[in-house]
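Structures are listed in the sections that come next.
Next, two complexes with chain A in common: one pairs it with chain B, the other with chain C.
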Partner chain A sequence: MVNKRTASQWRTAGRRRIAAARDFVEETDPDALVVGAIGTVALFGAFVGFLLTSSYTSIAFVVFLASVGYGWWRHQELTARGVTLAMTVASSLILVLILAFIVLEAWPVIRYETSELLGIPVPGLGAFTSTSWDPRSNPNSFSMLPMIHGTLLVTAIATLVAGPLGVAAALFLSEIAPPVVREFVKPGVEILAGIPSIVYGFIGFVIIGPWVSDRFAIVGQGTYLFVGIVVGLMALPTVVSVAEDAINSVPEPMKSGSLAMGTTDWQTMTTITIPAAFSGVSAAVLLGVGRAIGETMAATVMLRNEPKIGEPLYNVFYGFETLTSVVANKYGSAVGLQESALYLAGIILFVSVLLLSVGSQLIEAHMHRKLGGAE
Partner chain B sequence: MSQDSERLSDAVSRRKFLVSTGAVSAVGLAGCSSGSESTPTDEPASDNDSNDDSSDDTPEPTEAGDDQPSLLTAEGSSTVYPISNKGASYWVSNAPPSDGEYWGSNKEEGNTVPGWSDLGEPDMKIADYFASLYGFEPTDQRSKPPYVVNVGLSHSGTGCKAVTDGLVDIGNSSGPITAELGWSESKAQEEVVDHVVGRDGQPVVVSSDIYDAGVTELTGEQIRKIYQDEITNWKEVGGPDQSIYCVGRAEGSGTDTAFRLNMLGDAEAPMPGVDTRQGQNHGVRQVIQQNDGAIGYMALAFTNEQVKPIAIDFDGTVYKPDKDASHTIFDSDYPLNRDLHMYTTITDDTPSGTDKREAAFINMFLTTFGQVVFVEGVNYIPLPTKDIEKEKGKLPDQA
Partner chain C sequence: MAGATDAGVVREETSREETVAGATVGLAALLFALGLAAQFDLVSLTDEVAGFRTVTVLGGLLLGLGLAVVSFGAGSRLDLVQTDPDHSAGLIAGVLFTGIWFVVGGLVASQTLGLGGVGWVVVALVVGVVAFATTAIPREDVGSTLPAGALAIFFGLAMLTGAIGPSWSWTPANFPESQSVTFFPRVVVPVMVMFSSLVVGWAAAKAYGGFGARGRHLGAHLLIYLNALSIIVVLFVLVAFVFLKGIDPVAEGVAFGPGVGPETTLSFDLVIPFVDVTLFGVSHTVAWPVWWPFVMNGAAILNDVNGVWPAVVGTIWLVVGAVVLAVPLGVGSAIFLTEYAERGRFTQVVEVATNALWSTPSIVFGLFGAAFLVPRFTPQPKKSLLAGMITLGFMLLPLVLITSREAMIAVPDEYRDASAALGVSKWQTIRSVVLPAAMPGVVTGVILGVGRIAGETAPLILTMGGGTFVTAGQAASVVNSFELTLSPPFVTNPELTQATTALPYQLYQVILTGTGATAGVKDITAFGWGTALVLLVVVLSFYAIGIATRQYFRSKLQYE
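Coming up: the complex of A and B.
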């Protein structure tokens, strides 16, 4: 809730700030102040120079580094405070700049796809009300729905594959398997995560695609079903590894207490271990889902790269395009509005991954409250 | 409790990691920007006699140390790239006339480059000769042409955009710029000069099962209907009862634009029948190879035993993929033939649209030597003589 401050309160607060600043200046070495000021100005200058693509950027940056070096030598504590602050600001600034750039680049297509809702023109609405993607013929249309549909289907299938498999494997490894098996199998599963996605994609394109097309009598290759399965397998190591950690970190006394009450191992698992580890396990599944949404290479290679929506909606035997694959497929040949539309796909991806990570944090916070883990 | 504090420390270390990587990439960026600033000044060619390319229509060799970069850049279509890149690599090597294999004539080995006598057997190195036609001073040194030519690879649309934005000197495109950038004919006339350097006969191909089932010829109308979703089964065109798997190239590729223009009648014609689009000719070949009932279009050089070109019947004239037939897909009147373009821009400095550097390089392709070596040599179709004359007319006068 915002506190309404009166003018006099503001003034006292301001005065206190100024007094604190004056104290700081008085107590600090003039030497440190000068170096700090030079470093700040140089860093700011480097940032401005970077934005203007000036050739003096590197000079300003070198001055900044030199002032940091000197400060580190003479006033380590103060410098560390300043540098960590600067780095925090820099990393958030980088994020903001990237975001601003993507939105700016996507703006032409958002404006182009303006359509009316109850008589009011809403920019970008057209991309979500039609289903046609056609960057060549008149009138051009850049609907995001086929890609959103594809991403949803692939993610859902991948979650169905990675979720149950991963959680069950994690439970087995953590609670049931003998330690020797666990010590061997878990690193093995984690190594799976190191297989490059293009390898999965290549196998999918060269072997699975033609085989599925043949067996299921599909016209040509590219199905959401098998892209989803492949992406699910790719997400599996993440799910197993993170879920196993979560289940493993449930305190032993909780389980012992339950067993002491006379429950069986299985009853302890279902009533104590899994509920207690629920936040970690759901975080594991969400991480896996995040990977499925962001997975590009396998989807790009295996899909048909022609944005369409299958009939009926749940037809997973024809796979057209996802939000990531549309960017990977068309960035090279896209110019003008089409290029801008690819940035719009990027924004949608960004927002959905953001929502997912906020969602997983909310689940975690909720579980903390519920299980009283935050005492 | 202990678990919580552990988690907290995890989070902190992750944050630390992010910050430090951010700082590292910032250093990298600073390095990058300063690096790119200094590149144009230390071009290897700047110590040659370089030419002020744009300020004057009759350039004179200037002193070394001229700050105008004496580099000619080209970018664009993967289809035009083989021609342009082969030309550039010959140019940069600046082979002597005694070489015989790449330039000139070597009596001892009995090698002579094609079209050598048409050029009047000049006693000059290759780049020296073509550059001197436009007033550049020969270097008379191997591997040191009067100026360096650099060819980049992207797509037709990107190449057209790059040349109109002034990023490169020559934009390679396998589709006309009007279709690539959606320009009107008059805008194109005002802004760029279109240099056609060769032709590509674009074949329509089918997968081997369809070819073996007897579909070896289609009419233009049938192909149009297949791509516009009016024909969806092979039995409608005399083949087996099988759905058609319709393969296209990415929108914005010159091959796609040319196909729409020549086969469907309009560069913006819709193609609702397409089932899949591939970014490269290789991708088209691969999916046609491994799927039954497929049809596609590509560049001629990519056909093979499993991906066979078919004959096309346009209004009663059958163009066969066979060099000995009376009408072939190599003929210049084959409707899917497309011009391969090199675009240059009209600017205030060069109202004619083509400056001397660009003219000297493009002129190399408009000779018998260039057509045989750079166009036919990479499986494209050379221009007929009258077209060569027409293209030469677009270049500024030779010195």
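Coming up: the complex of A and C.
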């Protein structure tokens, strides 16, 4: 359903907008317009001032507050609308600002790691072609591959834990559990999400780490396997709650119809509920994957914190570094290019989780359209 | 075949065969528990039970279980037992058993028989294909019992014959020495026991239900109930473990009684700004009736009990700052999106952006805070409480926005229409009808969100954290530190622009430094458990309050 507008349609739409704006200006009190304009300019000025670290930022902000105060007194209706609009814009702006600032900070290392592909220099390519992270030797090299390898292993293990267990728990909560049991299990899963990651990390560091090293006769402490399991446990509640919503959104008549045919409720689940909710459930798993990728503290304190790739590649018993742990570990001690490289790790994290989030939202929207029929 | 007579889905009587199958499920559960106990050294594998080593006993039990399950399948196939199986165990079971047997075959071929690269792959493939054929091709009763029973029999024989005995171990040869790993029986045997008892338990549950629709139903329910149970057990064990480990350091030196606690001086001076003339001052000192050193002390060499007071203060200020920033912004945006904006491209984009912000990793927020906020409050870039507050506020914002919006959408349109019919303006309607009705949802969302950010560590490392062990005197005293100046920005507060600590950050520092000798902390691990317990209690109380509020309002407010 791609909505292609022709140029003339765009023009009419644009003209309508302008006309509406002109109507608004004509109908509104000039006093309100002036105050609104002052407020807008002052807020924008405060933002610019903040970016430039100007000490006049506060003046602009006070002017903004004053204009809002005056507007509230004289034109409450319009002011409320304007202020909530400004808040919406500010909230949406954060995502853009995050991307802008981490790209800006990562730019030096992206330029530094330029390497040639088919004779054309590609900025940042070097960080993905070599495998060494070495901030000391000359020339330095900041490869992201060791961390990407670690993140992939941890995420894969976490998904193996959180995916099946989470979907099964969601089925249990929405279809199987008697109401009394449900009242206990559902808050339990939520509280599992509430345990701070640093507490998981502390348990992992003090108890699990030494235990694993002893059990498997491992040199030193830190394994991707158990970090993955812990991270999977932390991603589990996300999977459960989103998958449960998806399963609940399957219309009751579909299930009743199946049950009326004399099927067991497990048959109804496997032939009606799960297929109908499949896209929603996969969106839940995607979100869980996103959580696992971004999980920081458990990985930071349970891993060895030396960026290198294990041998053989599937050796999950030795855990070195992930994209998140490298930032938490090295930020502060890193300067110059190395600090910039940490922002590059941030970009990879941000973009991959952003894609997962948007992807799962598209899937969910698709599912609601399919199940809800024409809204 | 049973089809001719009364093969219903529901059965009333319990036959002898069902009793046996039920007992098998019970035995499998017992074995699973034994395996779990052995994994955590509660049962020693080398001890003797009735003259046999535990490994041998476990092997024998597994063998018996496997034989029992295979005999259920055979009995059903030969029509000795009345069941109503489907024509096949299904593709999913087939694929799962293929995977299991592929791994088993591959490990045996490559490690026990020592076959090379191509050899073990061929063997593993053959074993996997045979497992698939055995599962998917014959009737369901054979297909779901034979591969499962065979697994238990195989594992049982390996333990019985001593192929995997106490002195056995396996070190994969292709792992370099510096990254080597060794599998000992004390790990492998419990895993084998637990895994095969799960598989056999599932097959026995199917047999108990007489295969077919009812059998699948029972088998699936067994696994799903087990899964839910284990999630709750893990939660309970985690919380109980932190509690038991942390209660000693936290409770050390607690005293009750009038006047035992620290003295607090409440004072208020009215000062004319810029000229520093005090108009009048009031001051009153009270002594607390509670002395709780772990929470009320800082860390210092001379303390009897070292504590986390500065971290508690830091966490409180962080939460306050984040809420002050995020709640107005989030609720305001939600009002605009729900009440003013027309549903269309714009609201969709904002919605997607908000959800994306919600799943953005905390460490990325930390990087953003470090680049965007840290350099802007002081002439030299410096980590500060203010930067931490705003960063956490940004993290809280999407949750407040999402939950407020959901709560506002849930307010029925009739409410708005009724208000509009009275000739009330839109903003009046929002203020006096929509917001009060949506308030419970907003409050719940804020409380749960606060629980999440109060435990957040990663952004604090990058934006706020300073100091490993902090004395009580260094606790942030934000309220008393506001200063008015004549030049812009007119109001300054050195406490806000200074690095400080918070509970999760303190715990991270405990792990990082590993010693508290410089600050007089004798047992750093106990100190860590204490900090973890305080943090857990703070965070979980937010969750408990949030969940309880939601339950309360949900039972009270039913719009439909």
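As a working rule, the second predicted complex is superposed on the first by the 337 of 375 C-alpha atoms of A that agree within 3 Å, B and C clash if a C-alpha of one lies under 4 Å from a C-alpha of the other, contacts with A are read in each partner's own complex, and residues count from 1 in each chain.
The working rule: a contact is a pair of C-beta atoms (placed from the backbone, for glycine too) under 8 Å apart; a residue touches a chain by one contact, two chains touch by 3 or more.
Quantities reported herein were computed from a predicted structural model and do not represent experimental measurements.
Using the contact criterion defined above for the overlaid structures, shared-chain residue A:G222 touches chain B, although it does not reach chain C.
Of the two partner chains placed around the shared chain by superposition, neither chain B nor chain C is touched by A:P123.
With both complexes superposed, C is the one of chain B and chain C in contact with more chain A residues. In the superposition on chain A, A:P275 contacts neither chain B nor chain C.
When the two structures are aligned on the shared chain, A:T57 is found in touch with chain B and with chain C.
Contacts of A:T84 after superposition: both chain B and chain C are touched. In the overlay built on the shared chain, the residue A:I198 is in contact with chain C alone; chain B does not reach it.
By the touch criterion stated above, A:P210 is placed in contact with chain B alone, chain C being left untouched.
Once the two complexes are overlaid on the shared chain, A:P108 sits clear of chain B and of chain C alike. Contacts of A:Q338 after superposition on the shared chain: chain B is touched, whereas chain C is not. In the superposition on the C-alpha atoms of chain A, the part of chain A touched by chain B in one complex and by chain C in the other spans residues 50, 53, 55, 57-58, 84, 87-88, 90-91, 94, 205-206, 219, 332. The part of chain B that touches chain A in the complex is made up of residues 1, 3-4, 18-20, 22-23, 26-27, 29-31, 33-34, 37, 154-158, 160-161, 180-182, 243-245, 247-248, 250-253, 256-257, 260, 266-271, 274-279, 286-287, 290-294. Residues 50-51, 53, 55-59, 76-77, 80-81, 83-85, 87-88, 90-92, 94-95, 97-98, 101-102, 104-105, 165, 168-169, 171-173, 176-177, 181, 184-185, 187-199, 201-203, 205-206, 215-219, 233, 236, 262-267, 287, 290-291, 293-297, 300-301, 310-312, 315, 317-318, 324, 327-328, 331-332, 342-343, 346, 349-350, 353-354, 356-358, 361 of chain A are the ones touching chain C in the complex. By the touch criterion given at the top, residues 9, 174-176, 178-184, 186-187, 213-214, 216-217, 220-221, 223-225, 227-228, 231-232, 234-235, 238-239, 241-242, 328-330, 332-333, 335-337, 340-341, 349-350, 352-368, 370-372, 375-376, 394, 397-398, 401, 425-427, 430, 448, 451-452, 454-458, 461-462, 487-491, 504, 507-508, 510-512, 525, 528-529, 532, 535-536, 539-540, 542-544, 547 of chain C touch chain A in their complex. For chain A in complex with chain B, the residues that touch the partner chain are 46, 50, 53, 55, 57-58, 61, 84, 87-88, 90-91, 94, 134-138, 205-206, 209-210, 213-214, 219-222, 249, 251, 304-306, 329-330, 332-336, 338, 373-375.
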